[in-house]
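Going in written order, the chains are labelled A, B, C and D, and every chain counts its residues from 1.
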Amino acid sequence: MSPVNYVYLAAVLFTIGAAGVLIRRNAIVVFMCVELMLNAANLTLVAFSRIHGNLDGQIMAFFVMVVAAAEVVVGLAIIVMMYRSRHSASVDDASLMKL
Amino acid sequence: MESLIGLLVGFPLLGAAVLLCGGAKLDRSGHWLGVLFSGASFVTGVVLFAGMLGRPTDERALHQHLFSWVPVESFQADVAFQLDQLAMTFVLLITGVGTLIHIYSVGYMEHDVGRRRFFGYLNLFLAAMLLLVLADNYLLLYVGWEGVGLASYLLIGFWQFKPSAAVAAKKAFLVNRVGDAGLAIAIFLMFTTFGTFTFAPVLENATDAGEGMLTAIGLMLLLAACGKSAQVPLQSWLGDAMEGPTPVSALIHAATMVTAGVYLITRSGAIFNGAPDAQTAVVVVGAVTLIFGAIVGCAKDDIKKALAGSTMSQIGYMVLAAGLGPIGYAFAIMHLVTHGFFKAGLFLGAGSVMHGMNDEVDMRKYGGLRKYMPVTFVTFGLGYLAIIGFPGLSGFFSKDQIIEAAFAKGGTQGLILGAVTLIGAAITAYYMTRVMLMTFFGEERWRGQENEPHPHESPKVMTVPMIVLAFGSVFAGGLFKAGESFVHWLEPVTQFEHGHSPFSAAVVTGMTVVALLIGVAGAWLQYGRRPVPSVAPRGSLLTRAARRDLLQDDFNHVALVKPGEYLTRGLVYADNKVVDGAVNGTAAAFGGLSGRTRRVQNGFVRSYAVSMFGGAAVLVAATLLMRAV
Amino acid sequence: MSAVATVSGAASSVPSLWTLGAEQLQAPKIEYAQLSPTLIVLGAAVVGIVLEAFLPRKFRYGAQLILAALGLASAFAAVLGLAISGHATTKAAIAGMGAIAVDGPTLFLQGTILLVGLVSVFVFAERRLEPRSHKSGAHVDSWAAQPASVPGGEGEREATKAGWTTTEVYPLLLFAVGGMLIFPAANDLLTLFIALEVFSLPLYLLCALARRRRLLSQEAAVKYFLLGAFSSAFLLFGAALLYGYAGTVDYSGIARVIGNADRTTSAVLAETTGNDALLLIGGALVVMGLLFKVGAVPFHMWTPDVYQGAPTPVTGFMAAATKVAAFGALLRLLYVVLPGLRWDWRPVMWGVAILTMLAGAVVAITQTDIKRLLAYSSIAHAGFLLAGVIATSRDGVSSVLFYLGAYSFVTLGAFAVVTLVRDAGGEATHLSKWAGLGRRSPLLAGVFAVFLLAFAGIPLTSGFSGKFAVFKAAAEGGAGALVVVGVIASAIAAFFYIRVIVLMFLSEPKADGPTVAVPSVWTTSAITAGVLVTIVLGVAPQYFLDLASQAGVFVR
Amino acid sequence: MSVANAGFPLLTVTAALPAAGAIATAALPAAKRGAAKWVALVVSVATLVLSLVVLARFDPGGPRYQLTESHAWIADFGVRYELGVDGIGAVLIALTALLLPFIIAAAWHDADELEPARPNRRWRPTQGFFALMLATEAMVIISFAATDVFLFYVFFEAMLIPMYFLIGGFGDRAHAAGEEEAAKQRSYAAVKFLLYNLVGGLIMLAAVIGLFVVTSDQLGEGTFSLQKITEARADGGFQLDTNIERLLFLGFFFAFAVKAPLWPLHTWLPNAMGESTAPVAVLITAVVDKVGTFAMLRFCLGLFPEASKWATPVVLVLALVSILYGALLAVGQRDIKRLIAYASISHFGFIILGVFAMTSQGQSGATLYMVFHGVSTAALMLVAGFLISRRGSRLIADYGGVQKVAPVLAGTFLVGGLATLSLPGLAPFISEFLVLVGTFSRYPVAGIVATAGIVLAALYVLLMYQRTMTGPVTRPEVRAMPDLRVREMAVAVPLVALLVFLGVFPKPLTDIVNPAVEHTMSDVQKKDPEPDHQVAETGWFDYKPAEHAGGDHK
């Protein structure tokens, strides 16, 4: 089947991820949704790489994975720190600063 | 010779500067200094006069160009003097009477702390008035015009601690300012029409301008004249002006300044000759004021106010005469001069009376003063006879001429004017007799009131000027009449043509005499035969109106003052609420907008994410849209 | 990537990493000289980590400080060297196998970023403001004693007593700077993305490292991190779509495809380029990712919170450097990649710019916290900068460059001043506390007033020169209406800058008002630098304008 | 140009001197409070001398702009540091330099209240006060001398900052509702002043940029140089599209109308003048605001003649409204300083009327008006300040009978007032009459309406004098009032003398101003309207005795 469908799938995944970010309260989950969006991007890259028949996309995908990993490190650190200081991972609790 | 002209103005101006800036060390000698300067000016005047008589008629006018004042392109205003017969007449009147009144004031103001200041102001007035009559162009005349206004303001309000005086001064200046605006506009019109406002070129070419323009200019000049000469409708200030010291009333508000309007009209004769409608307006104003002032004069119990009313009315005569054109100019000036003598004399007399009566002005508290102050009585009496036009005295000649000229105007207009002037003459006789009787005859109503005055004759320094003026009021008229001397003297400037009266001169004179007899008789019946009540009776409606100056102030109050107050209050409010409010409103609006928008920043990450997502969606959509369209 | 350049373009043969072995790949060619600034900084950062690991605590501060300062300084020297040797103009070129463009804008921005970084290091290093620790009596700075410990917990108390501080901030700063150096230089989408992450991640962490008000600090970190990650996901997806459209991530390559230079090279390309949706959506998403970083409406909402919560030195650094880097990237993207789409993105950017200017100015009016106020003002300024970006002319580029240079130093100085106004609870950022500051310490208040006037764009300050340059470019670029809006926005903005000045000078000092700490040479020098740049660029900007206009050309 | 550059940079020095003085004053230590005052005074006097040198060096018959200097400044913006004065600029610089010493002398003690009880190394209000004044002077002088639009704009805007602090930082302690409220009012006034002018300035900024754009695409490279642009227009190398010209004109005019101020943008002035100290109020209305009217004359007419003509009707109407509106509100004021402020608004109406009447009388009048209004307002306002400082109240109702206890004060006050109502013999009369004549000769109706203003002027001035100076002395505070002191005399008397002198002999000024006005008229390609019946000007020499003066051509 045509690789284009992967692109559509990716789009769907991206949307799901975005929706998750908007909907979920738990910081971890939100963060995972972000990762989902990144992976959707990966899928797109790979799919197009397949379509175009060049490797740039695939190479890029690997880079993204690495970056995602790094992001996880930083992100989890921050989230955990927040959790420890307020005993909740809800992003809505982190709303001291407003207006 | 020319170079002397400047001195006429220079002496009093110097005097004013010295006296006003001199400081307290001049307090003791200041007044004589003032007299000296005005006297010097008078002497200069006489010298110039002599010189002028020595020259043939068409070389009499002198001209002195001092310096270029405001040169801007075609607008060339010079400080230059023009001394022709008309100006000469005024110079002599102003400096002569002025000097006399200076001398008189030395006595009158003896005990006043501000005497130095007073003489400073008097000198300032002389300077301004001389500038007015000597100017060779309308702008310089305007300077003198407002200068005398200032002097009058300062002198009316001389006793500033009296609120009434301060208010009267302000009122006088304001009303005059209205007139001044008229003069200013007249000058604009001349400038835009002729490209100049110097007398000679303007007047020589007046007729080119066309009747419409001349009428406009004429009416504006009339407005100015009304303001300065207290003619209806701008007459309301003169009565209050009596708040000033009596010498001031004599000099400024009787003899000289108030007649400036007549001078202006006469000087601008060429313009009026070309604008019959304007002339008619002048005549009407004159006639109305003539009667108006006379009626007011009849009802006043305050001796100065009564005389003020009469001044108004006499100037009415002059304005009327001036409005008649070449047949009247000379007589207007002639009456102006004679009036200068006898009215000044009357005022000084009044002042002398007040001097002896603890500054009491209410004639109902006078009576029988003739034996206490004989000199005053005689001089005042002569002035009285002169003003009512008693045959042989100066007033008789000048007034008679005007009445004759009024008839000579011809047609019904002539008849009406003649009638008005006759009636005026009758009323004049009436109120002057009234003043005379209430003051010097009847029983002594001042006796037995608290702090009863001790009437006494005034010192020489005061009586001498009165005597001199009395001479003037007796003989001046005859002098001028003799061989039409005065008319011939002025003719080169003002033109003269004989009016053709429907009645012979004799008839007119007869009517005049009859009129004055009626007036005198009326007054005698009312005040001579039966005692004068020391409190004013309620009086008829007309009397009460006349006591309130025929409701002129009430009218102004309703028509101008009140609306003005409302307007300003309204504007002050509007300025705060509307003009300012608009701006503050805008600021407040932004504040509110800001307050509302910042609520979007609710502190929740997810809502931020929503806005980002939405933003992204819009961005994409917009981009696609851009391509679509 | 073009290192592993396309195998035979035929879609039939399935290319994969395994089949690569067959071909011998030529070793990639790296122009170390031209990349030296970045390399130096990143190298210094790595060394910094090592130092952090092995040096005993009491030496770390000094060592890190020196290292960071040296690293940045030498990097700046390198930039100067490159610029002088003409790499900004004549020898401008693509380096790193097409990954990095070394040209005028790059060097100008890198120079700016490095200077900003250097000054920030000074502000970071300030340790006069906080009271000494009880136990060791060591000086401490504004960094968390022990970030890992729970706020208000035992661990924190211990660490505070011991007078520990987080010296990791210097390596983190260096990494961030490194990323920022690459960001505006990135010449393909991948490098762009990597650079973005490289400078974002350290910033997320730095935000969380405040010594006082740690809850706020952590909250700032969380918000910044989540939203940052979110936006970078968008950027990445956009990049993917662009790649899908053009078949390459190389800027000039994409530009060529858009300018349909080589659409017909392959059937596939012909097909993918058939639908512009890929291009437009992709482009829009990438741009959005950058707009997030510059803090343009409606992607600005993180700015106030993060600026307020983060440690003030970090805020200053972020506000200045991030904007510079992000605008650099945005410029390159729009001018190099998407010039062909000008007629599509310009109207959209118009909208964004207007929104940003007005929203920033309006919302700032009612702010009560000085840091939030400055945050909103930075949003408004982003709007003004966008006006310059829209000019799409060489003048536009150079004016934006100049504005960035001017603005960044004003911002740094302003936030440095904020660090000095303190009360018992640390920095007194609430505006009411600033009342009557002019009476207490006229000098400081005066300096801050200068910065505010520069923000407001009063003549004889750098703010005015910058604003004039940008608006001029915009007007010449046919965006007159935008200039008018900008002027109105500046008028609104003036209102709240003046409000602060009024507060400082015209209102009576409060009894419980803040004290102004006397800073060490570090902060002093930072503020002085800010003032000097503000005045010089205000009075005699010509030299720098020339610099910017020479640097105004992108290499393609 | 280059030739001129060889010369000594007189204008720069004239402006630099007060600037240096400002720095010097500000630098003085807290203890040296008295010295600060003297430094400021001496510097301002020295500046006056320099400005007189400028007047002396200025040759009315010479080229339009003289003493020119031109140096590169910001090439990228097409900006040069270009100075040069025409007659108008020269006299206004002289006015500025002339008034400053009086303002400073009058403000001698104004900053004293603010001095802290115990000397404080950091807070030095006196030094600051006088430094700010000198700084303002420097900026005003530059903006009068600038022939480069951008240069002008820069200082036009920068000027706001010192003025802002002068208004907001230093007030007379004479507010009815106590010092607490006064402080509030002051900062409100200061902010209002700054915002109004800043908004105006920013709108002008848009126009300035627009000007750059049009010049750059018509002349090749963008320029702000007045000379360049005027020359370019002269040889047809530079025509603006009608609509663009109008937009640019509006941008400029708005800023100047705020500064001037013209109704309805005037509301900042009463607050600013009311709340600040009298000398500062003089600085605002007599010096700083003149930049606005001056700029209309030089930039609006000079750069956008067609648009100026296009806008004339509206501007005239606004000016007339200002005249009457200002006067009426002055009548309605209860606060002396606010009254004078509204009077000034009325006078600015006259100035703008004269500028846009586009006749040589009107514009010469307007220029002279700027100078004379400066002097007369200074006289009136400073004396009013002395009065207020004695009684500690700005309310007219709190006075009465002052003339009796302080005649000299009352006298100078009266002369100032009479000048304000433009009494002949005092300087303002000449300018006002010229403006009226000039306006009338082209727009008769406008001229007549404006003439109504002189009546109202008499009303508000004399009302104020009557209520404050005349009447019986009822209040003890008034009875205890001392007359003018030596310092105050030294301020008031010279101003009064100047008013009289210029009123009698303004020729030196008109000689300098007229040529400049001719140039402006040629900018707008306007000629004075010809009289309907021009008569050969018969000078006094060939004056004929008036035997045919009767005009009896029957």
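FYI, a residue touches a chain if its C-beta (ideal position, glycine included) is under 8 Å from a C-beta of that chain, and two chains touch if they have at least 3 such contacts.
Not measured: the values here are computed from a predicted model.
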More contacts between chains, B-D or A-B: B-D
Farthest chain (mean CA position) relative to chain D: A
Centre-to-centre distance between chain B and chain A (centres being mean Cα positions), rounded to whole Å: 97
Rounded Å distance between chain B and chain D, as computed from the means of their C-alpha atoms: 36
Separation of mean Cα positions, chain D and chain A [Å, integer]: 66
Length of the line joining the C-alpha centres of chain B and chain C, rounded to whole Å: 81
Multi-chain contact residues (two or more partners), chain D: 195
Junction residues of chain C - those touching two or more other chains: 222-223, 226, 230, 234, 304-305, 495
Shared-contact residues (touching 2 or more other chains) in chain A: 18, 21, 30, 91, 94-98
All pairs of touching chains, each written as two labels joined by a dash: A-B, A-C, B-C, B-D, C-D
List of chain A residues in touch with chain B within their complex: 18, 21-23, 25, 30, 91-92, 94-99
Chain B residues within the chain A interface of the complex: 598-599, 601-606, 609-610, 613
Chain B-touching residues of chain C, taken from the complex the two chains share: 222-223, 226-227, 230-231, 234, 276-277, 280-281, 283-285, 287-288, 292, 297-299, 301-302, 304-305, 343-345, 347-348, 351-352, 359, 362-367, 492, 495
Residue numbers on chain C that touch chain D, as the complex places them: 439-443, 453, 456-460, 464-465, 468-469, 471-472, 475-476, 480, 483-484, 487-488, 490-491, 494-495, 498-499, 502, 505-508, 540-542, 545-546, 549
Of chain C, residues touching chain A in the complex: 1, 4, 6-7, 9-11, 13, 15-17, 147-148, 150-151, 189-190, 193-194, 197, 201, 204-205, 208, 214-216, 218-223, 225-226, 229-230, 233-234, 236-237, 239-241, 243-244, 247-249, 266, 268-269, 272, 304-305, 308-309
